[in-house]
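Each of the two complexes below includes subunit A, the first together with subunit B, the second together with subunit C.
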Partner chain A sequence: MASEAQAHAETAALRVQFDTEAQQKDASTLGMWIFLITEVMFFGGMFTAYTVYRRAYSDAFAVASSSLNVTIGAINTAVLLFSSFTMVMAVRASQLGQRRMIVLFLVLTLIFGGMFLGVKAYEWNEKFEQHHVPGPSFHMEGVAQQGHAQLFFSLYFAMTGLHAAHMVIGVGLLSWLIWMANKGKFTAEYNTPVDIAGLYWHFVDVIWIFLFPLLYLIDRHLPK
Partner chain B sequence: MSEHIDSIRTYTLVLLALLVLTAVTTLVAFVDLGEFSVVVALAIAVCKMLLVALFFMHVRHSTKLTKLVVLGGLLWLAILLMLTLSDFTTRGWIGVPGR
Partner chain C sequence: MNTAAIHEREDYLNVSHGLKSWLLTKDHKRIGLLYLATITLFFFLGGLFATVIRIELLTPGGGLVSSETYNKLFTMHGVTMIFFFLIPSIPAVLGNFFLPMMIGARDLAFPRINLISWYLLVIGGLFALFAMLAGGVDTGWTFYTPYSTTYSNTWVIATALGIFVAGFSSILTGLNFIVTIHTMRAPGLTWFRMPLFVWAHYATSLIQVLGTPVLAVTIVLVLCERVFHIGIFDPALGGDPVLFQHLFWFYSHPAVYIMILPAMGVVSELVSTFSRKAIFGYRVVAFSSVAIAVLGFLVWGHHMFVSGQSVFAGMAFSFLSYFVAIPSAIKVFNWTATLYKGSISWETPMLYAFGFIGLFTIGGLTGLFVAALGIDVHVTDTYFVVAHFHYIMVGGAIMAYLGGLHYWWPKMTGRMYPEGWAKLSALVIFLGFNLTFFPQFILGYLGMPRRYHTYPEEFQVLHVLSTAGASVLAVGYAIPMIYFAWSLKYGAMAGTNPWGASGLEWKTPSPPPLHNFDTTPVVTHDAYDYSTVVGEAVEIG
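Let's look at the complex of A and B:
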């Protein structure tokens, strides 16, 4: 430890521009939250568009929304919640400096994330087979205005696609973290990357927490 | 480090609560609550968001500045939704030519 009068020796946990480790950690956390807020607004625009068109074309949206597979949607929600749990356990292990546990929980998170993406790919494939992808071959039974149903699926693919893209980025982050954690880079003193990636992963989870009811659930009670 | 480390028990309980809420929102969606179906679905989603943010994202142990930023972000989202919807929901109220 350097004396207070001099500049301190630089470590990963305490870069020269910071006075204390706590200050550096707080700055990292704040920076990540600012980024996540921009993401909230990014997704917020799509949620707003969905709300506006769902109000305008409620009949077509109800039929199109109810055609989604609710069982698969619910199971995938659970898979993502499990991944958030294993992620927070990895963060906890990093706070305690348990290298093997960090790697174990990060690998579990990666597996759950991969499962989610696999199920999502299966669902999308189903949409192609059913001609529920917007375009010239689009057709949906029981909808007077095909264009309105196409609008639902345009929003469905844009929103779940953007979410899946975030998941893919998350999988990349996790792979890098596993690599670094395995080399013993994260300790009880320095675990900011695990913590920050955890914030990102949970944020992506929260987006799905809203996508699931809005896309799959809210029109189920209507008579078919 | 002055970090707060939560117990495994806490995280497990939060996970269980999230899974139960997922089951509840899925099952209640098939009950006809009329207009309130959306309200109930969103209320449950907000509860789940709070659980994830407060516990998994450690907001409850965060600095005041971080808490302020999180609230500020939600405020901007509310402005985005409310101003847009106040436009779209009221357009039919008066006969605007060329609407």
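Let's look at the complex of A and C:
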């Protein structure tokens, strides 16, 4: 098998370093999974910082958290979950080789992703107006230690900012996939890019599934 | 007319020509050479900083440079040598070139990503270089907060960005290696038939992939704090500077194993080839690489014994640090056992391997000193620590890198280097190294702190010895640079397998064809099986 593959010419789908398409797909998928592990470690540093400070300053964190708009956060969570659903449908369509359906579902995913970013921008803007952005003008009612509340918002901006940066990259990936899919590049035999972009998109969703309760819902179980 | 002979056959060097064919290449061998050129420049730069440091320390009064300049010098020496030379050295040059060949593959799994990682190193290097030319950075290579976030008035942002970008080069190289080893081994090449060099790189890649992102996010937080003043590590807000140290060392301790594990992989190849014996206890040596990678993630707190972390944490980290000694010692004992009744020959790469074993052992044993809580309090931030990690990084990693470079030079270029000069320079490097760094153990034990450019007069003799050693070391490093360049045109032609080695990379012509093998090799034997090697070792005067 190996020696016969040795003779093959490089085609658009199968690159020269691989013997078979299955091997190529295995490599690409494994590569994406390992990349996602590096992402877990990347976000992990921030989650560690969050854990340390939330434990040290739990009261200030609860108050600061309660100033976030849970309704908007929940709506945004739903939007993102929908985008994951449409992404799955796009992957499914690519496995069946349905060109128009791939494009349709990718566009829907793109729209939901864009909506999430828009809502996020609205929320950030709100923080500026409320003086909840860390810095000299930071002020929050009902917190004895302003610094501790600032730490919460430092982490809020760092974590949601990093998440949003990943969303922006995801939107870029989706745009590229839509362009490729529209040209009919993806077939039932070759759809790895859609597959691994789906992995990435779901991962970014999962990060948000952790961020939402950690940032928005800290004081929900406390008596008002 | 040797030149004509070498060009009759098409190989990866003459298959295409011109600058573009190099800068856009996806061939792992050419990318390896791009890395070689890049990190050699950074080695030279880091060496330049070290030279000024050693000249400054000749006199106790510190007349050559100001304290501020001295702070910048040791910072830039550390940043350059660690992030832009040692981390990429063996994996990105020798690993890139030989890992695919050793497993019988035509290339890495992701050749384009491989090229991108080289560009990332170059871009990161340019950021750091810009910072150095613009005025330098003075935080120490460790960037401790709050100095790095609040007080330092030097080019922290540019340098940190450079390290951030170069970090992704390292991550992508590790990712590429892991996927390649999993999916691209030649038919018959089972995991336990892989050369130990490949095992070592697998373990290294695990660290690169798991550790480097934590450094990256730590840099992001430091940059956010410096640029937007969001204050994650700012004590004025209630932030914890020691948290920075935890995150930093979570990467930077395992980073030491990114430097030393590939070196151990090289030494396994050298010891086996030049004693013509399979490595004693192959599986144990293979697993010891993985064990070092795993244990390496559990010991970072031993850099923080005097940082104010709890005594219990200190004891736990001290205890765990001793565990790293076990797989490390296994390697040293097994290399030694391999020599027993071996047919040992004394070519240059083997001299480097012997040098590595001796110097790494000293570096490792002094590591046990500094892992002990009581002794560490006495020697923290002294030249004892400086000497210890230079024995590991210079005496260990660079010796192995040079040994590997000599060993594989004939395969990479198709030419032999001059054996006599090479042996001489190996000896000069060994002597120069010990003269430079052994006095530093004594200096540190007597109380000379690191990062100071003035010192009491009674330390001068030892400092002068160290500077003298550094001069010898510089000569030792200069000689190979000259004869390697010379050998490209005038070196004797190397055959397919000049050392009579057993690896797959020696079963294809030197220099190799574009896709490494004319037909994909089928592996039927364990690694280091010399019964099948057809000896064509050339006699070198």
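The definition used in the following text is that the second predicted complex is superposed on the first by the 213 of 224 C-alpha atoms of A that agree within 3 Å, B and C clash if a C-alpha of one lies under 4 Å from a C-alpha of the other, contacts with A are read in each partner's own complex, and residues count from 1 in each chain.
Definition applied: contacts are C-beta pairs under 8 Å (C-beta built on N, C-alpha and C of every residue); 3 or more make two chains touch, one makes a residue touch a chain.
Computed from a predicted structure; not experimentally measured.
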item	value
Touching partner for A:Asp26 - first (subunit B), second (subunit C), both, neither	both
Which superposed partner A:Ile37 touches (first subunit B, second subunit C, both, neither)	both
Partner chain(s) touched by A:Met46 [first = subunit B, second = subunit C, both, neither]	second
First, second, both or neither for A:Ala158, with subunit B first and subunit C second	second
First, second, both or neither for A:Met87, with subunit B first and subunit C second	first
Partner chain in contact with A:Ala121 - subunit B first, subunit C second, else both or neither	neither
Shared subunit A surface residues [contacts with subunit B and with subunit C]	26, 30, 34, 37, 41, 44-45, 48, 52, 56
Residue ranges of subunit A in contact with subunit C within the complex	1-3, 5-6, 15-19, 23, 26-27, 30-31, 34-35, 37-39, 41-46, 48-49, 52-53, 56-57, 134-135, 145, 147-148, 150-151, 153-155, 157-158, 162
For the subunit C and subunit A complex, residues of the former touching the latter	105-111, 171, 175-176, 178-180, 182-184, 186-187, 209-214, 216-218, 220-221, 224, 228-232, 236-240, 243, 246-247, 515, 519-520, 522
Residue numbers on subunit B that touch subunit A, as the complex places them	1-3, 5-6, 8, 11-12, 14-15, 18-19, 22-23, 25-26, 29-34, 37-38, 41-42, 44-45, 48-49, 52-53, 55-57, 62-63, 65-66, 69-70, 72-74, 76-77, 80-81, 84-85, 88-89
In the complex with subunit B, residue positions of subunit A that touch it	21-22, 25-26, 29-30, 33-34, 36-37, 40-41, 44-45, 47-48, 51-52, 55-56, 70, 74, 77-78, 81-82, 84-85, 87-89, 92, 95-96, 188-189, 198-199, 202-203, 205-206, 209-210, 212-214, 216-222
